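You will see chain A twice below: alongside chain B first, and alongside chain C after that.
And then the complex of A and B:
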């Protein structure tokens, strides 16, 4: 076989992305340009960052439902501290990143030490973070601090007349760091081992407790960082920001070829999973007459096809063994 | 000591604590009034507003007992409401009983079909339940908006409104619907072997298949039932406000329903299930919501309170947490106690 079987889901994701992009290019004038591609990254930079963190959680066999709320909380804390308290961004941004990491770390500790399902714990985390937003304020807080304005408006020019935003660079760094941690560090191997079988990982003497908690801390850090990027994007803090983003994130990770059972998945796949979601939205906006709910239906359909495909991939080797 | 071992002890204790708090905070809480043949009072409100959640949670209990989960119930709630309201709004005479009945029938058939879809994906294709139902959860919101064309459909039909806000024998009609579904589920699972089948499939699918249980049909049945329950809940919700909102109807219902099931003592890993516990769990959530509104907690921090209650409930039910507490208590006292006991004897 030309291609290793384990890379097949990723190959399909990349192929599908290319196919959809080409289909868009043939159908709409002005679609096939580098800038349209970069706009995908610009509009989905925050989703990309969260999805990298979520990939780690899902590969470890868990799930994190609190990411959307964590983004909202980060925008809210940043907006409130910068705008109303007058704190400098150089203090606020590290502070929210630490808070996000601690939040994830706390959830991970509860999940591991009290043996409560991740679904329930992160659900409570989701309520808590969303609720804390409203404690800070129920209104939108607009940010007009020069630093945030600058981060939002600075365009990094690329050869060929196209540009990206600073958020995209941050997101790409996160993806690169994610790939590095997942495949070239001990922590990454431990995460895969933990997702494959927690009991085996424990028997092999791997630090299960540390790894499991670290995974949620990574996800917390990523969602806080995504929150910072989201603040650059929206220039405001609001308790209703990033509503339902946890599902978009999980969908991107699954479309990217990660198995929800844990142990299998690639950060690079997640990258294309996010891009596919972006392409669907772009096509729908180019079409103009299609309503926004078609996005949801198409994403649902794609999820279905992907999981079906993964099932077939998994079932066939198993059947051959018999 | 033995009473603490009963599976309903912790849920009932939570509910009692909440009710007691309400009693102390406002003595009027338990007063019931009869006005125009109807009972009024906070307790009735809790039952009435809690009925959709109870219904969804009952269906969810059976799904969770098989080791699955159904994330799509919120979307099914929205679709059922949207379908019923669309059918009624298309009719010439919105109040006619025949039209309302056919609308109700149509949306129940639709919700059964959605349950069938989930069931086929889980039992036929063999997908993980959390993903299989995630598909319908994402796509279902879109379908509901497609049905309502993104608008909020309002209907003016007394017969339809009866489902959610009518009353029978002085009590809200929705309570009777819940009672009927609860009784049906209880009878089917506790008076027939179906309950055992469900628990067997949830505890160990392979073993139950080898024991001759057609786990495929059992799975199909629970997802069908869950879809139906969500459909009825959708009808109650949309009829209560006489409108259908594809975007917001039943939002977060899946989470509340799962929470109710977990509070009721059913483990998310499948196996033993407790229908009564689930109903109590749903009542706890509804009472909590009512309490939060009543004591004038600003609505902004409702979610924070809810998060802490969820965490406390889960911690109290977590064996590991209770043991950790007990161990800490014991190690602090045990040596001294032993010493004292030695001297005493």
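And then the complex of A and C:
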């Protein structure tokens, strides 16, 4: 076989992204430029960050529904502390990152020690975090702190006249770190083992409890970091921010080739999964006449195709063994 | 207590690597291990034998740290040890390869061998080094040349077993436990595994081997320890323990002590009308080709040790598993049976071995459980009227003497024997021509056993054919007109009335 079967889903994702981008390039003038590509990253930096965390969760065989609410809560806490209490961002940002990590850690502990489905625990976490936003305020809190302004507006110039935002750099660092952790550390490999078979992982003497909890802590950290980046992007805190983002995130991860059953998936695949979401949005905005709901429709169809495709991949190996 | 002193084999000058003495493990209501002894010497393959409930798996779980013992001592390398977790067992040098391969199919072969102990440099996993080591380990110790960077799921169960062994070896195992490793392997693969076992044995590894295949026991093992009902029966040199004695010790009947019981089955009823005929029926990995004819009003028993293929044979007849060769004819209909549904339509009924998981619906009442199969054959749209349901339930509760005689009692509150009768009633209600009973008397008390045996004979007297599967020789001999003996997934002998005796059956089970 030319290509190892395990790389097939990610290859399909990359191919699909390239195809869509080229299709856009042929159809619309001005589409085929580096800046359009970078804009994909600028507009989806927060999604990229949260999707990296979600990849770990899904590979481990779990799910995290709390990420969207966690982003909203992070924007809310940041805005309230910076704007209303006058705390310096240098304190607020580490604080929200720690809070997010602890929140995920707590959910992971409940999932593992009480043997409750991740779906229901993180659903509870989702409602909890979203509700807490309104305890802080039911209105939007606009941020005009110079640091946030600067983070939002700074353009990092790249050769060729194009630019990216600081958020994009943060997101790329997160992706790189995600790839490294997933493939070159014991923690990462234990996550894959856990997703392959929890029972086996236990019998092989792997630290199942620690790994499982770590996965949700990672996701909590990533959603808080995405929240920080989202705050830069929106320059406000609001309880209605990032509504339903957890579902977009899951969609990106699955389109990126990660199996919902766990054990198989790549952070790099997730990167392209997010880009595919972005390129669909861009095509629709270039088209001009289409409503943004078309994004959802296309994403929906793509998800169907990917799930079917993965099922076929799963069924096939049973038929032929070496 | 077993005869520890008398049956202990001598090994002069060699200290056992593993010595378990007087091990007790009780679960609520069950004495799983009752003063069991087990010794394992370096450089030997030691078979652990016993029928269902003998305590084999409990002993292995004690060794691997899944259970902790109530009493007794475990010595490893001359030092007393207490094993509390699988991890601890591995660290002590005891590794286990289970029947169901306990590895991660999504990871590569190399990772499955090394995960948890990957070679690293500054925390970074060195993949190339890991793959190189895995390749060398598999090649040098297991004579296996495969691409270690492919996912484990790409390989056959046999290769997966070998990879599991490689993992065990890499944890520098001194004791290797192989729990029924051969049950899903074909003949060639078993040979491959045995070659590896012989080599490892020569390298000084102590191997504990559990299997149901007698041929394999004599093929590979040096010594044999037998357990029965949680008790230690003895430890023997394989070469000096005749098969027949092994079987009698497992089943728990001394050859001399076997007395012939008067047969209660009706004697020669003349030639019978043929009901079912299987010719050359087989399913790969489950049972080798066999011929079987069952006539009306006949009780045919399947005898053999656990895992000899009794249940597999019955499942083929019932269409629960697909046969891959041979023919099956039922009465006048020419076709083969493809599904349980079709089998039921043709007048077959099957009481499965495990009533808890495959038969009884715990939270339904006795009446509902009894009527389940009948309702299913009628289709759910034609509900049996409640009055009729109650009549039928009452009739069968009376006929089978189900206790308490309350049709609205939830089945889970009944004793095992009564649950079995409810299951029987369910199938009797469909008026089957052939009733298959898989271990109908396991785990129920003696009185209920006798009642079920009597019932079988009564049904046969009324013209129903019964295929009776049981591990208890006495019962098999008592109820059968004909006994089909299975060994190692093969029908090895068919015995008719005159030469049916416990001794003869046991001899056939043991084989030559």
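Details
Please note the rule applied: the second predicted complex is superposed on the first by the 320 of 322 C-alpha atoms of A that agree within 3 Å, B and C clash if a C-alpha of one lies under 4 Å from a C-alpha of the other, contacts with A are read in each partner's own complex, and residues count from 1 in each chain.
By our rule, a residue touches a chain if its C-beta (ideal position, glycine included) is under 8 Å from a C-beta of that chain, and two chains touch if they have at least 3 such contacts.
Keep in mind that this is a model prediction, so the values were computed, not measured.
Partners chain B and chain C fit side by side in the overlay (superposition on chain A). By the touch criterion defined above, A:79 lies against neither chain B nor chain C after alignment on the C-alpha atoms of chain A.
Shared-chain residue A:263: touches chain C; no touch with chain B.
Draw one line from the C-alpha centre of chain A to that of chain B and another to that of chain C; the angle between them is 60°, to the nearest 10. By the touch criterion defined above, A:301 reaches chain B but does not reach chain C.
Of the two partner chains placed around the shared chain by superposition, neither chain B nor chain C is touched by A:93.
In the overlay built on the shared chain, the residue A:203 is in contact with chain C alone; chain B does not reach it.
Among chain B and chain C, the chain that touches a larger number of residues in chain A is B.
In the superposed model, A:190 lies in contact with chain C only, and not with chain B. Once both structures are overlaid on their shared chain A, chain B and chain C have a minimum Cα-Cα separation of 5 Å.
Interface residues of chain C, counted against chain A in their complex, comprise 86-87, 90, 96, 98, 102-107, 111, 115-116, 118, 120, 123-125, 127, 146, 149-151, 153-156, 159, 167. Across the complex, chain C is touched by residues 4-6, 183-186, 189-190, 192-193, 195-197, 199-206, 263-264, 317, 321-322 of chain A. Contacts from chain B toward chain A in the complex involve residues 69, 121, 125-128, 130-132, 134-143, 145-146, 150, 246, 255, 258-259, 262, 268-269, 299-308, 310-311, 314-315, 318-321, 324. Interface residues of chain A facing chain B in the complex, by the touch rule stated above, are 63, 110, 113-117, 119-121, 123-128, 130-132, 134-135, 138, 247, 250-251, 254, 260-261, 291-297, 299-301, 303-304, 307-308, 311, 315.
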